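Starting off with a structure, shown below.
Labels run A, B, C and D following the written order; every chain starts at residue 1.
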Amino acid sequence: MFFASDNWAGAHPSVAANLSRHAAGFMSAYGSSDLDRQVERTFCDVFEREVAVFFVGTGTAANALSMTMLARPGGVFFAHRDAHMIADEGGAVEYLSGGGRLAPVDGPLGRMTPQALEAGIARYPAAFVHSGQPAAVSITQASEIGTLYGTADIEAIAAVAARNGVALHMDGARFANALVALGITAAEMTWKRGVDIVSFGGTKNGCWCAEAVVVMNPGDPGRAGQFPFIRKRAAQLFSKSRFVAAQFEAYFRDGLWLETARRSNAMAQRLAAHVRASAKARLAWEPQANEVFPVLKRDVAEKLKAAGAVFYPWHPPREIAGTVAGDEILVRLVTSFATAPDEVDRFGELLA
Amino acid sequence: MFFASDNWAGAHPSVAANLSRHAAGFMSAYGSSDLDRQVERTFCDVFEREVAVFFVGTGTAANALSMTMLARPGGVFFAHRDAHMIADEGGAVEYLSGGGRLAPVDGPLGRMTPQALEAGIARYPAAFVHSGQPAAVSITQASEIGTLYGTADIEAIAAVAARNGVALHMDGARFANALVALGITAAEMTWKRGVDIVSFGGTKNGCWCAEAVVVMNPGDPGRAGQFPFIRKRAAQLFSKSRFVAAQFEAYFRDGLWLETARRSNAMAQRLAAHVRASAKARLAWEPQANEVFPVLKRDVAEKLKAAGAVFYPWHPPREIAGTVAGDEILVRLVTSFATAPDEVDRFGELLA
Amino acid sequence: MFFASDNWAGAHPSVAANLSRHAAGFMSAYGSSDLDRQVERTFCDVFEREVAVFFVGTGTAANALSMTMLARPGGVFFAHRDAHMIADEGGAVEYLSGGGRLAPVDGPLGRMTPQALEAGIARYPAAFVHSGQPAAVSITQASEIGTLYGTADIEAIAAVAARNGVALHMDGARFANALVALGITAAEMTWKRGVDIVSFGGTKNGCWCAEAVVVMNPGDPGRAGQFPFIRKRAAQLFSKSRFVAAQFEAYFRDGLWLETARRSNAMAQRLAAHVRASAKARLAWEPQANEVFPVLKRDVAEKLKAAGAVFYPWHPPREIAGTVAGDEILVRLVTSFATAPDEVDRFGELLA
Amino acid sequence: MFFASDNWAGAHPSVAANLSRHAAGFMSAYGSSDLDRQVERTFCDVFEREVAVFFVGTGTAANALSMTMLARPGGVFFAHRDAHMIADEGGAVEYLSGGGRLAPVDGPLGRMTPQALEAGIARYPAAFVHSGQPAAVSITQASEIGTLYGTADIEAIAAVAARNGVALHMDGARFANALVALGITAAEMTWKRGVDIVSFGGTKNGCWCAEAVVVMNPGDPGRAGQFPFIRKRAAQLFSKSRFVAAQFEAYFRDGLWLETARRSNAMAQRLAAHVRASAKARLAWEPQANEVFPVLKRDVAEKLKAAGAVFYPWHPPREIAGTVAGDEILVRLVTSFATAPDEVDRFGELLA
């Protein structure tokens, strides 16, 4: 019953097999092999347009180097107050971007509102040098707490970003989970809504370390054109880049990535059903991707742990904090491609 | 006949197999798993002392974050003028260290001399704020051009570093190749000679991405104690860290790393023997690890390429530049664990 | 009627005269002259202890380089949410500290509470690498909105900082105004309460560019010992440093600095009296130093401006925002050593 | 007999008087006053074109922020190996530019040659991400050792820079000394020859702290357009900016700056004449601006010092190192607007 995080899972068997398949033989290094080229083409197919694709080693690298590409002197990056960039990346954005600032934007259940974004940007008026200047907006899809921006939400945020002259980035550490939940295409979730750059994550969904920065406008000399230097300088250019490519090759083949995301989301819904059916727990909000957040009595949580369930407590978002009683605890349950229905049901039985 | 670089090779079968072996199941993330712990213990065994071990994704990361750990305001890092840090890391050291400077130190055949180091450091006198201040010394073992520092050489350099109050780092991207060539232990090549920190590379010798920063004094709060934050902030903390650990587990098991290094070095000697036997080529200097640098007539080089040999030209080091005639070219041949004797001999035949 | 800012004033005649007095003759450069040494001694007298003193050119430099001196990898600096560092320094702290983060701390009327600080620090638990780590606390005395920390307040905040292992910095851009308002000594307001480092500002109180970083523990090798390099590297070491020293010499001579601060504060009280007496305005809070914040009807504000009064609107702090009506505006009136009683009274007449 | 440096002099009486003249009264802050505007116009007149002008506090700031404006990821700045940026700015360029590298370029007597520059840039080929990329070229006029680039020299260097797609910066810490020595206009020495950006120094020539970054193309959004943020973020925006403006106002009025430079240069020639006439000394090279470099017997140097002469030894440039005997020493004598002919002649008598 491992629900601690989707990164506690290993690699999907198809990904592991493909790594082995490409282990032998010689290939040119640093992203210049035929396999790298071919996987880049697959990204263009997935996004239904020419895109520039840059493999990096971690989701934090994808996010922080995306922001670095968009940095300005005295620049400010706007993200939801609970975004991974703000809460869990150890200052990587600030450091790698040369001292950019992360400005937290409010919004219920892990998603910024266009109004809050507009108000946040307004604190950095363009002509007022003392405050600094807006540099980029980043949204997380699926969010840190398993909620989703709808396409209209993304469009509204993109409009605010565009009006203020800054680019829109999507932290897609759980891109596939969001995609299959919304039932739309990658194009529909990104550039057709005004997203300029995506941190495209494969790691949480069956790879072991496959992340990519995807730039929708590959011809931009100041962004995509500079990214090879940005990546190299940040020590994120892998010599045996083939192995990242190999992961993505398996990931995309025959729609594996969508299948693993669907399974992961389905396990979350199965967990949610158990919570709904239980008298000992309630859902803090409806899960939309692969994360479930029940509120439990503290003693119930302890019993679950004692029975072998692994999960983390979660700091209640401001808007629900008042609803968690003193003897209760909000916890996070994360499912993945590797989550077994049996384990979910065992957890359900313990809750019943 | 792939002699372009040791990073054109893939992964050793044992490493690939171990990755697959650990692909299934759940493990705690971010370097906290039992497998991580166990591999860290192996490092202590290898170095015959308590060490602090930090996995990172690339050799450039290992080097640049080692320098970052040793950085000082206005700090200067001393490395051989042809060191990888200076020539091939895209400014990563300067960038990640917050603006440190790399001061090139002279010395024949890829190795700095203690005298040149002393003279280099003397240009940054401690009390003269205008010049900046020394921060660290880094040597590369084996060097960029396949030569080695002997233990007495390392000791002499360590003495200069110590006298000037700075730490000594070893870029060990080809650590194993050096070790087996010298026939000594890791302890004898490092801390027993005064080395404080090692970039320990597995990638070029059979892993696909396994690098570690090894700090000899694990209790130092300002160095090892800060490194977890340095690594996280630089986006080099892998969530599924188990896969780096798995590579190293296989790498060290039953001395695989020494065996692959020996094989790689032996292939270099076999290549060298062909060069020595050829009338069309000569060795620019004696190979000591897994790189061979012959001087060829330009037309011979072209014929070798046409026959399928893959290798890069090399800019002649200052001290031999005068010996390369206008119709000649210096080339670099790199061998690896994956180099087949047949291929070496085929190359030899072409040279004969 | 110039109440826009205390930096709209020029230089006090004694400061200007002392600059002229020291304009002739030769002095050794970069802070090494006898005059520099002598003024450093005066600082020790003022603080009643050995201190290390470093002149810099701007208040922003003093703040940002103080934070740089205290920086840690992934480090977080805690300051009141309206602090100058956060609102008005163009990202200098983040940039110069190598990517540190400024975490805003709450508290009414420009002053953080120890409770809010404790809660803020608690979001960055020491052993949790993902969040980063606390690096320093900074309080502003007098605050951005002319309020003061009492000595017990400072002590309570210092206790929180100490308990969490971080240093306490005081942004003293208006140090003298606070000092004379509290009627205590520099020692009593700083190190005797647990303050470790002060940005000591002279510019707003009669100098034209005289700021100093004052480190209470001059023997600390990692802080004061590194500061000469931190300052030089940040381009803040003035060659003709004598001119900063000359300003401070005049500033401290015969208590000029306390006299100008008293005058400035007295003018603020005189302004406040006019506001209290007026039916057209009210004080948003009691002024404690040299800033007065009245709430006016918008049309009254316009009439004052039309009559020649110069001042800026001010964004109402959260805790009083609800008390400012739609047809009202909060404005900031700043007095300085150069404010004439006549001008204050003319403003008062317009308000009557 | 103060020949240690031109920054040992104080402020010219006219500059000091103008500071006093503008000490009283209120002016809007942060560079927005009428006086600031007016002095910016004077710069346009001096350069005979529209330029963007940004005051900063030190020459190091002017240089380092110019480089920051031109920085690229993995970027390399090319300057003469003895340039101030490389030898005497404490790592400010590397730090403030976010980790740029300074690549030393060779050339006799303090001036890079176009050939050496071309060769230096060639080591960073555009498409080779591993080496980084060229970002800017900087020449120093007058050079660190008092020599000058002729207009044809500047044009040849500008051609190399342009061909390689990078901007040309001129470190004009001694701009006026060079200008009057060449007998040309500021336009002829800069943009008419291809210079894009100038660090325009007033400090060494009679101001006490007046430096400006002058951008020849004021409409460039990525450079001049970003500089206000670059300057603010680097803590170089002075609140009482009027005092820098006041220095420049006096500096330019009635050609004071040219007069002080002429006097300074004339004193250097007078010193040189004494050296030429002496049997105890010889000129290491012909002085062209306000620095004289004699070679003296060591005992002569000691006697001069004992008699009250103040000067520094100088590390012999590579190309003359062999001509300085073991019992000799190369020293630097710097003159300034404040150097008295009497003092020069007294020095001459001691040499005779």
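Criterion: a contact is a pair of C-beta atoms (placed from the backbone, for glycine too) under 8 Å apart; a residue touches a chain by one contact, two chains touch by 3 or more.
Everything numeric here is computed off the predicted structure, so don't read it as measured data.
Centroid distances built from C-alpha atoms place D farthest away from chain A. For the pairs B-D and B-C, the larger set of C-beta contacts lies at B-D.
Measuring from the averaged C-alpha position of chain A to that of chain B gives a distance of 34 Å. Centres computed as Cα averages put chain B at a distance of 41 Å from chain D. With centres taken as mean Cα positions, chain C sits 50 Å from chain B. Each of residues 30, 73-75, 89-91, 95-96, 98-99, 129-130, 132, 229, 232-233, 237 in chain B touches at least two other chains.
Chain contact summary for the complex, chain B toward chain A: residues 2, 4-5, 7-13, 15-17, 19-20, 22-30, 56-61, 64-65, 89-92, 95-96, 203-204, 208-209, 229, 232-240, 242-243, 310, 338.
Residue ranges on chain A touching chain C, taken from their complex, read 73-76, 87-91, 94-102, 129-132. Put simply, chain D touches chain A in their complex at residues 30, 68, 72-74, 98-99, 129-130, 132-133, 222, 226, 228-230, 232-233, 237.
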